[in-house]
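Per-chain residue numbering starts at 1, and chain names A, B, C and D are given in the order in which the chains are listed.
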Amino acid sequence: MDLGSALQYLISGLTVGSTYGLTALGFTIIFNATRVINFAQGEFVMLGGMLAVFFAGFFNFGLFPAIVLAVACTTLVGVCMERVAIRPVQGANVINIIIITIGVSIFIRGVVMIFLGKDTFALPPFFGTEALYFLGATIIPQSIWILLITMLVLLGLRTFFNNTIFGKAMLACSFEQKAAHLVGISVDRMVMLSFAISAMVGSIGGVILAPVTLTSYDVGIMLGLKGFASCILGGLGNPFGAAAGGLIIGVLESFGAGYVSSAFKDAFAFIILLVILFFKPSGIFGRADIERV
Amino acid sequence: MKKSLLAMAVLLAILISGQAYAGDTIRIGAIASVTGPASFLGEPERNTLVMLQDQINEAGGILGKNLEIIIYDDETEVNKAVLAADRLIRRDRVQAAIGGTTSGNTLAIMSNFTRAEIPLVSMAAAERIVNPVDPWIFKTPQSDRHAVTRILNHAKDQGYERIAIITVSDGFGQAGREVLRELIPEMGLTMVSDEIYGPRDTDMTSQLTRIRNQNPDAIICWGTNPGPAVIARNRQQLRLDIPLYMSHGVASRRFIELAGTAAEGLLLPLGRLSVAEHIPDDHPQKELLLNYISDYEARFNTPVSSFGGYAWDAMMLIKEAIEMGQSAEPKDIRDNLEKIQGFVGTGGIFNMSPEDHNGLDETSFVMAMIEDQDWKIVSE
Amino acid sequence: MEGRKGVISLAVFILAAAGFPWILTNEYYISILILSGITAIGVVGLNLLLGFAGQISLGHAAFFGISAYTSAILTTNYGFPVLAGVIIGIILSALVAFLIGIPALKLKALSLAMATLGFGLIVYIFLNETITLTGGPSGFVGIPRFNVLGYEFYSDLAYYYLVAGALTLVIIISLNLINSRTGRALKAIHSSENAARVMGINVFRFKLFVFVLSAVFAAMAGGLYAHYLSFVAPSSFGFHASLQLIVMAILGGMSSVWGGVIGALFLTSMPEFLRMYEELETILYGLILILCMMFMPQGLVGGLSRLSGYIADKLFKRRLK
Amino acid sequence: MSKNTALLKCSDIYVRFGGVMALSGVTFFAEKGAITALIGPNGAGKTTLLNVITGMIPQSEGSIEFKSRDLSNVAAHIRSQEGMVRTFQNLEVFSHMSVLENVMTGAHNRYNYSVLDSIFKTPRYFARETECRDAALEKLNFVGLEKEWSLPALDLPYGKQRLLELARSICGEPELILLDEPAAGLNSRETKNLGEVISAIRQDLGITVVLVEHDMELVMSISDEITVLNFGQVIAKGTPRDIQNNQEVVEAYLGSED
């Protein structure tokens, strides 16, 4: 086992894992506010990437304005989704709401397919294309960007939840909706905010990935799956667990492809996920919640 | 009340009578994957067929009859392809059919057409479709065997011996992998690494790192967009200077756009459609290709891809067969399809026979290299 | 009351199923009915698990796949009689369900969803990658048609009646189970596992039982599927297929055996009606899911029964006047 | 009050949640045929004790004996099969069933038949189902819900859902029934009626009752014996009269005055 290869596997695992982690973060934020798994989360990631390509390419906006606009639009889509499809069915069966989110994801995918086409697109990298070389492994600048921005998003969320009144209100909602309502927090607004934030986080993920992994109207499905897996692995409801879960799955896949078999790399990651789940159902970083009888 | 009853009765009568054979039209069915994962193949195919229907009818149809092409989208799903096949055979009662887009869907619907004794011309590459030969089944794309032969001949000429392959885990990649595994040893080369990646994977550095550790002379990648573009980018990122061959599955401008600078120097077998402007003027395909390209791009406002050409060839072969036999009976179409010789299509020059229902060989490909973001023919 | 309503619905269903082929204007629709029927068998089973016992499975298509491939391989490569192949396929699926169910069913809601999803993906990857055995991504061809004791179900009409018969059997078994202590135990587990335990219900055993049973139904469907199409490919048994099954169960109506049947019929045949819209189909499909869940949370069966109740009400009132 | 006649004996029960000691060394007996009340301020550990007794959560230490059999490490459903049933503080009515089905579920093990019997609808199925149905109707009659038998359970008003839970728990004809705050959320008329039903359960059906309750009036009027918990420990035991006069109990409820 040579160091260079191992390091290379680690780097590529962390890069891909950040994708999963960012998607998982979005899942967690909405789950905490609503107890619903939003299957349209992957579509937010897709929208971020596709819209950035669209604004940059068709309108010649320059990369950064295009990115900002893409993130803003996706956030708006998140808010609309909450207003139009989630709020009217408040209090409905969780499974029904999940099906609605599946419907929304199919809908978004369909719209993007018709208006932006079925092709795959690439976004230009932010800065620099020349790969850096160290210890027998290489890393492209965009990978560093991805890791960095993932960390920043995590840090930003942490500050938001711990230090702002909105963040605290959202946390309160996640613990006990009725009580939050009683102390004057508008649960509706918090739910909407959670959709906005997770759409934003998702689209940021989509934007920073598009230069490396390319993007097309249907990338959301796979990202959604892996993101959901990361959430569960990290412990559902715990944002930092979710991000860590994403990194772990990414690294597992990459080492699986490197040392076991590239054909079975996904299976390898999922087998480990199942084993962990069977032995620690609450996930790696989740606390076993004590059920009240 | 009575009126509405009457209306319903009439409606029912229309429904029951169905669309019977209309004597003055020739009905050709088509099943394409216009949406879903294979839509990048299916969409140009569908467009081409729509365009051909208009062109042929404007030119007076076939045998003076109007041509109607009934196209169904199977969404790249096997079940839907089978249902669409059923619908073409039983409801639309087509005289011949084109499809499916992917090898898997073609394999799934073949038996329906054989049973119904209606000729089917597939737009999918897999050799299994025409080998062993089924009397009712034909196909237009070059076989993977031809592409692999072209690549391996080129590699041998360069003196490469140790070959690594990386293939996608879908029908296309699997078919390529089978031929590669068969032909590499047969041609006296050694396969040192056999890697797989998933159709939606976004990072293949692990596989490439493994390949690098085996020290091959050349890498052959078999897949369709976007995977190969990611592999080309990962190769650049890893600073791997081992020559990389791509399959004909990425023969579109889109691939060069996606791979960007990473595409420079890549080698691949191409149908002449992709390099039409570079082929000699006296080549029999030249004029036809240029016409097809300009017609297509004028009408759909998107760049042409070689996949649309598969549909062009399929439709025009059927037309040729009908005109040869002066009959649009399914049985006659089949018999004449088998007899077509020297037919110039977009994919090459077709020479059909009862033993060969594809009619192409490896000369239907040229070897090309990507240079300055464009194709360059390296061996004709 | 429950019982009589069940018997009437069943009678209506059998009559309709028997009569369908005679009123169809085109043979082609029979193949849609066959595929709907096969899917319905699986969905009814999934509904027992999801709608009645409240346990989710996001990997149910795997059981379809295991049985379809087992039977395909045994009959095509090893010359097993088709019936034997199908039965072995069902047994293998049941066994796998049993083994995976033991650790998985101890998990709660979303963890269970993840575990079954992971399981489904692993089976899918296995089918995709063990090429020498399964034929890999491009599929497995040349599977013989279903036959029993020398009778081959060659015509689609015969196959239709075979599928309709199997579906009827599955419906009867499900209805009978639901109206028994087993059904009550499952519904109790759905509402409150603790309360069910207190009633002396062995929660884990019932969950495992219904999980295996639903896998058996899915496996039945898988066998019928493989020997109808005579071709199977892994893509029919992936995550998308599992999701489709869930959506059918919920859209049809979870708290009713009939929901599964209606959901399967509706979603299998709907694309046929949407065909004319081509590319809009995806969008419409998404919209239909959203709107149905927003305005008919009880699913199509719930919506239909409300509608029929409303109409009956109107008629009845009018007669009173 | 000799230990030998006790139907249920909990000895030295300890329960720890993480670092918190929910119960420390609780010993609790329920005499056969008696109504034993378990009272104490909020957070005293009453529900935790019920959870341990019925097997919802494991105890860290201690033993549980029922009908002289050690059930300390036995699964909840087996304890129920042995004849021990409970109700829940937050109603746990089976929401996907009718009132009648809820009660029939209570007799899950009493009218037993196999899965095959139900699939093939054997004569055994019909016989057992009829018996079960009759028993359930009888129990509904007993608590006064006979008119509502066909309604969906969730359509019942809150107070009647409490009665439904009672009917459900006695349908399996248990020997011991543990009630977790059955009067919570009831008005005084409903509470009075509930007291009568509980008394009748003991009197007419001969079922031993353990009652966790905050409504002192109810507790004092129907209990034979009372155990008082505070901070996870037993602080008093005795007849209603003893307890009413116990200084420590009064302090526990009102807080000592220093």
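To be clear about the criterion, a contact is a pair of C-beta atoms (placed from the backbone, for glycine too) under 8 Å apart; a residue touches a chain by one contact, two chains touch by 3 or more.
Because the structure is predicted, anything quoted here is derived from the model rather than measured.
With every chain reduced to the mean of its CA atoms, the largest distance from chain D is reached by B.
Here the chain at the heart of the structure, going by C-alpha means, is C. A straight line joining the Cα centres of chain A and chain B is 36 Å long.
Mean C-alpha position of chain B lies 72 Å from that of chain D. Look at where the CA atoms of chain A average out and do the same for chain D: the two points lie 47 Å apart.
Chain contacts: chain A has residues 113, 263, 266, 293 touching two or more partner chains. Across the assembly, chain C contributes 129, 194, 279, 281-282 as residues in contact with two or more other chains. Within chain B, contacts with two or more other chains are made by residues 35, 169, 196. Residue ranges on chain B touching chain A, taken from their complex, read 35, 37, 39-40, 43, 169, 195-198, 200, 202-203, 205-207, 209-210, 213, 225-226, 229-230, 233, 236-239, 254, 257-258, 260-261. For chain C in complex with chain D, the touching residues are 1, 52, 173, 176-177, 179-185, 187-188, 190-192, 194-203, 209, 255. On chain D, the positions that touch chain C within their shared complex are 54-56, 75-78, 80-81, 85-86, 88, 92-97, 101, 104-106, 108-109, 111-113, 115, 117-121, 125, 128-129, 132, 150, 168-169, 172. Interface of chain B with chain C (complex): residues 15-16, 18, 34-35, 72-73, 75, 77-80, 82-83, 86-87, 89-91, 103-104, 107-108, 110-111, 126, 128, 169-171, 173-175, 196. Here chain A touches chain C in the complex through residues 37, 85, 88-89, 92-93, 95-97, 99-100, 102-111, 113-114, 225, 228-229, 232, 236, 263-264, 266-267, 270-271, 273-274, 277-278, 281-283, 293, going by the rule given at the top.
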